[in-house]
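Next up: the structures, one after another.
Each of the next two complexes has subunit A plus one more chain, namely subunit B in the first and subunit C in the second.
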Partner chain A sequence: MSALLELDRLSVDLSISRWPLRTTLNILSDITLTLARDETVGLVGESGSGKTTLGRALLGLQHISAGTVRFDGTPLKTAADFDRIRPRTALMFQDAVASLSPRMTVGEAVTEPFRIHNRPMPDWRARAAELLEEVGLPADMASRYPHELSGGQARRAGVARALALKPDLVIADEPTAGLDVSVQAEILNLMADLKDRYGLSYMVITHNLALVRHVADRIAVMYLGRLVETGPTAEVFSNPAHPYTGSLIAAEPKPDPRKRRTDLAIKGEIPSLIRRPSGCEFHGRCPLATARCRTEAPALRDIAPGRKARCHFAETYQKQGA
Partner chain B sequence: MTTPLLTVENLTLNYRTGGDPVQALRGVSLTARAGEVLGIVGESGCGKSTLAATLMGLAGTNAEITDGAVSFRGENILTAREETRRKLRGKHIAMVFQDPMTAFNPVLTIGAQLVDFQHNSGTPKRQRHSAARDMLDRVGIPDPDICMGRFPHELSGGMRQRAAIAAALLMQPEILIADEPTTALDVTMEAQIIHLLRNLQSDYDGAIIIVTHQLGVIAQLCDRVVVMYAGQVVEEADVDTLFHAPRHPYTKALIACDPASLSIKEKRLPTIGGRPPDLAHPPAGCAFADRCAQVEPICRTAAPPRVEIGPDHIAKCHEAWS
Partner chain C sequence: MSSGANRGIFRSLMRDPMGAFGLILVVAFLIMALAAPWIAPYDPLKISITERFQPPSLAHWAGTDQLGRDLLSRIIFGARTALSIAMTAAGIAGGVGLLLGMIAGYGPRWLDAFLVLMFDSMSSLPMIMFALAVITVVGPGTGTLILVVVLVSIPGYARLIRAQTLSLGSADFILAERVMGASSARILARHLLPNVVGPLVIVLSMDIPVIIMLEAGLSYLNLGVRPPIPSWGNILYDGYTSLRAAPSMVLIAGLPLVLATLGFTFLGEGLRDAIDPKLKVRVPR
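What follows is the complex of A and B.
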């Protein structure tokens, strides 16, 4: 598998100058991540961990402060570089209904990428029908407006639009948020089928761990704008190396009354980016935190082939879990 | 565990629309008992939120209750005068909404609102203030005194939901209804709110009704569960029976397609297929017949009976015994 997308020490800073604050917020810091062809990477973390910002930054929709993005081997530096690869990438937005213009019919919306990128499209109606059929929507849906669609149908229309130009990379931001479980499974199956058919690579951004477990080959866990653990999904789930990953997995409500948690897997809230904690940023919520964690920031280091974790005590933690 | 606090009998509610009325609730019966957490689960459009709102006497202006009764301590809320119902709300029956942002007035502090919610408690203001403060403390808000002076937007989603639960519990209602209380929250906050509700339940002798589409929340929190489909209760059981010996094909399918219930990675997730029926024209037979794996000819012609499987276990299905 060759790398389709390579992020090297990517950082995104935002300067804030609104009273009483005048500071620079380090939204993303030191993100190094590779996405191979035909691979699905799941990006997980709590709200405010920087998942969505990362998705936007690697498409050039967010100014990058440091580090590089390489797409198919080519480094992307200027806006023109990002524009050049734009047709080969697509974004599925978090709010599917809001991401469709209320003034455009579904048919116009799914064929808009052709117009934007000046691709020849002799018969747009036929093309729209084709695209809708591919995602399991009836062709007559082309003349409907977004408000007439159900949540699941709007998702499918979003998938159709993302696939219009047959991209290499699809970034799916919470692809099933707000959907019922049965519809969620349909959308995930659809995404899996299309991946097989067109050899797509996905980056799935979500806080839904159950979803990630089924769709992602590898997962990347984010906390306060940094990667804290990366590795093959099955391995990370069966034996997490970072206490944060372990806590996230444990916090997920299991649909089985015989597996009720009586204690809390994780306490407290994600800290503010304005006051990043010293040392390891997770120490305030970590069950294993020691004096060292409060002062010395751990690096993202290799702990096994293909696995990395940002924790001083990753090996100890893994042993405890096993 | 046995005193019914709230009884719903054959509740039938239509929404007036431009065309034929939508039959949102079609003969719903259930009871909520003191000291018990009752879960109401179902997909979007099954009528669960309509039911929750009707229990509060808050059905919309386009809703028309054509049959049935909601009795609180023997008195029918539906036929009571608005003045009586207003006295019930807040004091005896309180509600926590899905979106904790819109539950509060944005221009008043949390403290001012919590004091105001006790307007008919008849206690002096200072006492109301300390009651509010104590309740914030009880729901796990750190520094409740500071929180009293905060505006809703200054709290995080999890803290706002805690404040909303505090607000609902202020008047010590006999019934607490929570409509999707964790849907807007991260998995870590969701676990904390579940933990909080479960702790509250142990020293609260009222009934808690949780409305949600997430089976995980139901399994972690509820004692008894009502499954709704197309405006009807299709199965009712204690939580262990529901997850481990469900009888209605819809309940089985719902549990099967929750990705959280599959421990090994599946390439394709199970789905239910089809869509719920149009409730403006519900089918004559079983509403689930078109999507059911166990469908028999009788399912399409006759409405399914309420089959008593065991004490406290009811399934509305022709094939409940098969």
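What follows is the complex of A and C.
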């Protein structure tokens, strides 16, 4: 497998200035992550951990302060570089209805990429019907307006538009948010089918661990704008190396209430980006925190082949079998 | 492209009695203005001293003025003057405001700051004083009137459009266009424009009576349309000067002003209710 997308020490800073004060917030810092061809990476973390910002930064929608994005081996630096790869990337929005232009019919919306990139399209109605059929929507949907669609239909239309130009990389921001469980499953199956058919790579951004477990080959856990753990999904789920990952997994609802682990529940709120904690940023909420964690920031280090964690005590934590 | 949506707006406008009334009045005035030469019974400029100050009669439905000109014909041609000035001015001001507002709302921040400063300084001028100053410099006339109205109205329209553009600029569907690689020109023309013109149409329709009143007011003061071209304002002035000889003239000249103001205002309010989806009660089909 060759790398399709490589993020190297990516940082996004936002400066908030209220004269005479000036604060710089590290929304994302030091993100190093690769996405192989045909791979699905699940990006998980709490609200405010920077997942969505990362998705936007790697599409060039957010100013990147440091680090590089490589797509298919080519570094993307200028806006023109990002524009060049637009036809090969797509973004699926969390709010599918809002991502469709309210005064455009669904048929016009899904064929929009062809018009933007001046791709030949002899009969746009036929093309729209084709694209809609591919995502399981009847052809007569083409004449509907977004507000006339159900959540699941809008999501399918969003998938149809994202895949119109057969991109290589699809970034899916909460692809199942706000859908019924049965519809969630339909959307996931649709995404999986299309992946097999066109050899797509997905980056799935979500806080839904069940979803990640179901679709992702690898998982990347974010906390406060940093990656705290990456690795193959099954291994990370069965034996997490970072206490934060372990707590997230423990916080998942379990069918059997006796299997719930309350001792691992994460205490408190996610800290403020304005005043990042010293040392390991998770120390205030970590069950294992020691004096060392309060002063010394851990690096994201290799703990096993293909696995990385940002914790001083990753090995101890794993041995405890938390 | 959005003919379906427009048909819905028309239908809900007609369902609203005030909106329908406004629309009918506006259409009536438009027909009056466009077909003035054919529906006016007399030449509005033809002087006939022997027939001066006639009360309303079968020959002259609205009577005659101090020069024996047929008042009804003058009012019909006055509609032409009023509407052509109001719609030209509103059209130019709306167009320029739309362009500047969208540039300010979607363009770079420094340009936005500069344009907002311009709008603010322009709208800090008191309208009537500004109008009088311009008339003093350029001289009275139809062109001056349009110029004044355009300059005074641009900031309001531009600010409205800027606010609309700003709020839509960060909407997901605009972001989606950017991700797909659409150019700024395409986003502005194909996606922002159709979504920001709605409120502008409403405001323009409500501002047309204001412009008609301004034209009448300035013409009344002999600073607007030059006689003998008929304008509701100078008919009103003639009526005022001959109040004793023909008391009905003032009333007759005032009536079209009232009706035009009501018509455009009702139409504007009806349109606002029809376009704003939050106020719309959807009837299940």
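We take it that the second predicted complex is superposed on the first by the 307 of 322 C-alpha atoms of A that agree within 3 Å, B and C clash if a C-alpha of one lies under 4 Å from a C-alpha of the other, contacts with A are read in each partner's own complex, and residues count from 1 in each chain.
We adopt the following convention: a contact is a pair of C-beta atoms (placed from the backbone, for glycine too) under 8 Å apart; a residue touches a chain by one contact, two chains touch by 3 or more.
In this text, all values refer to a predicted model and were calculated from it rather than measured experimentally.
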Quick check for you: in the superposed arrangement, does A:Leu91 touch first (subunit B), second (subunit C), both or neither? second
Looking at the overlay, does A:Pro113 come into contact with subunit B only (first), subunit C only (second), both, or neither? second
Per the contact definition in the header, classify A:Pro257: touching subunit B only (first), subunit C only (second), both, or neither. first
Looking only at contacts as defined up top, I'd like to know whether subunit B or subunit C touches more of subunit A. B
With both complexes superposed on chain A, which partner does A:Tyr145 reach: first (subunit B), second (subunit C), both or neither? second
Between subunit B (first) and subunit C (second), which does A:Glu186 come into contact with in this model arrangement: first, second, both, or neither? first
Contacts for A:Asp83 in the overlay, against subunit B (first) and subunit C (second): which applies, first, second, both or neither? second
Going by the contact definition given at the top, which residues of subunit A touch subunit B in one complex and subunit C in the other? none
Touching subunit A in the complex, subunit B uses residues 43-44, 156-159, 186-192, 194-195, 213-220, 222, 239-240, 243-244, 253-255, 257-262, 265-272
Contacting residues of subunit A [partner subunit C, same complex]: 59, 61, 83, 86-87, 89-91, 93, 95, 98-104, 108, 112-113, 116-117, 145, 161
Which subunit C residues qualify as touching subunit A in the complex? 1-2, 4-5, 171-173, 175-182, 186, 191, 194-195
The subunit A residues in contact with subunit B across the complex are 46-47, 151, 180-186, 188-189, 192, 207-211, 213-214, 233-234, 247-248, 251-261, 264-267, 269-270
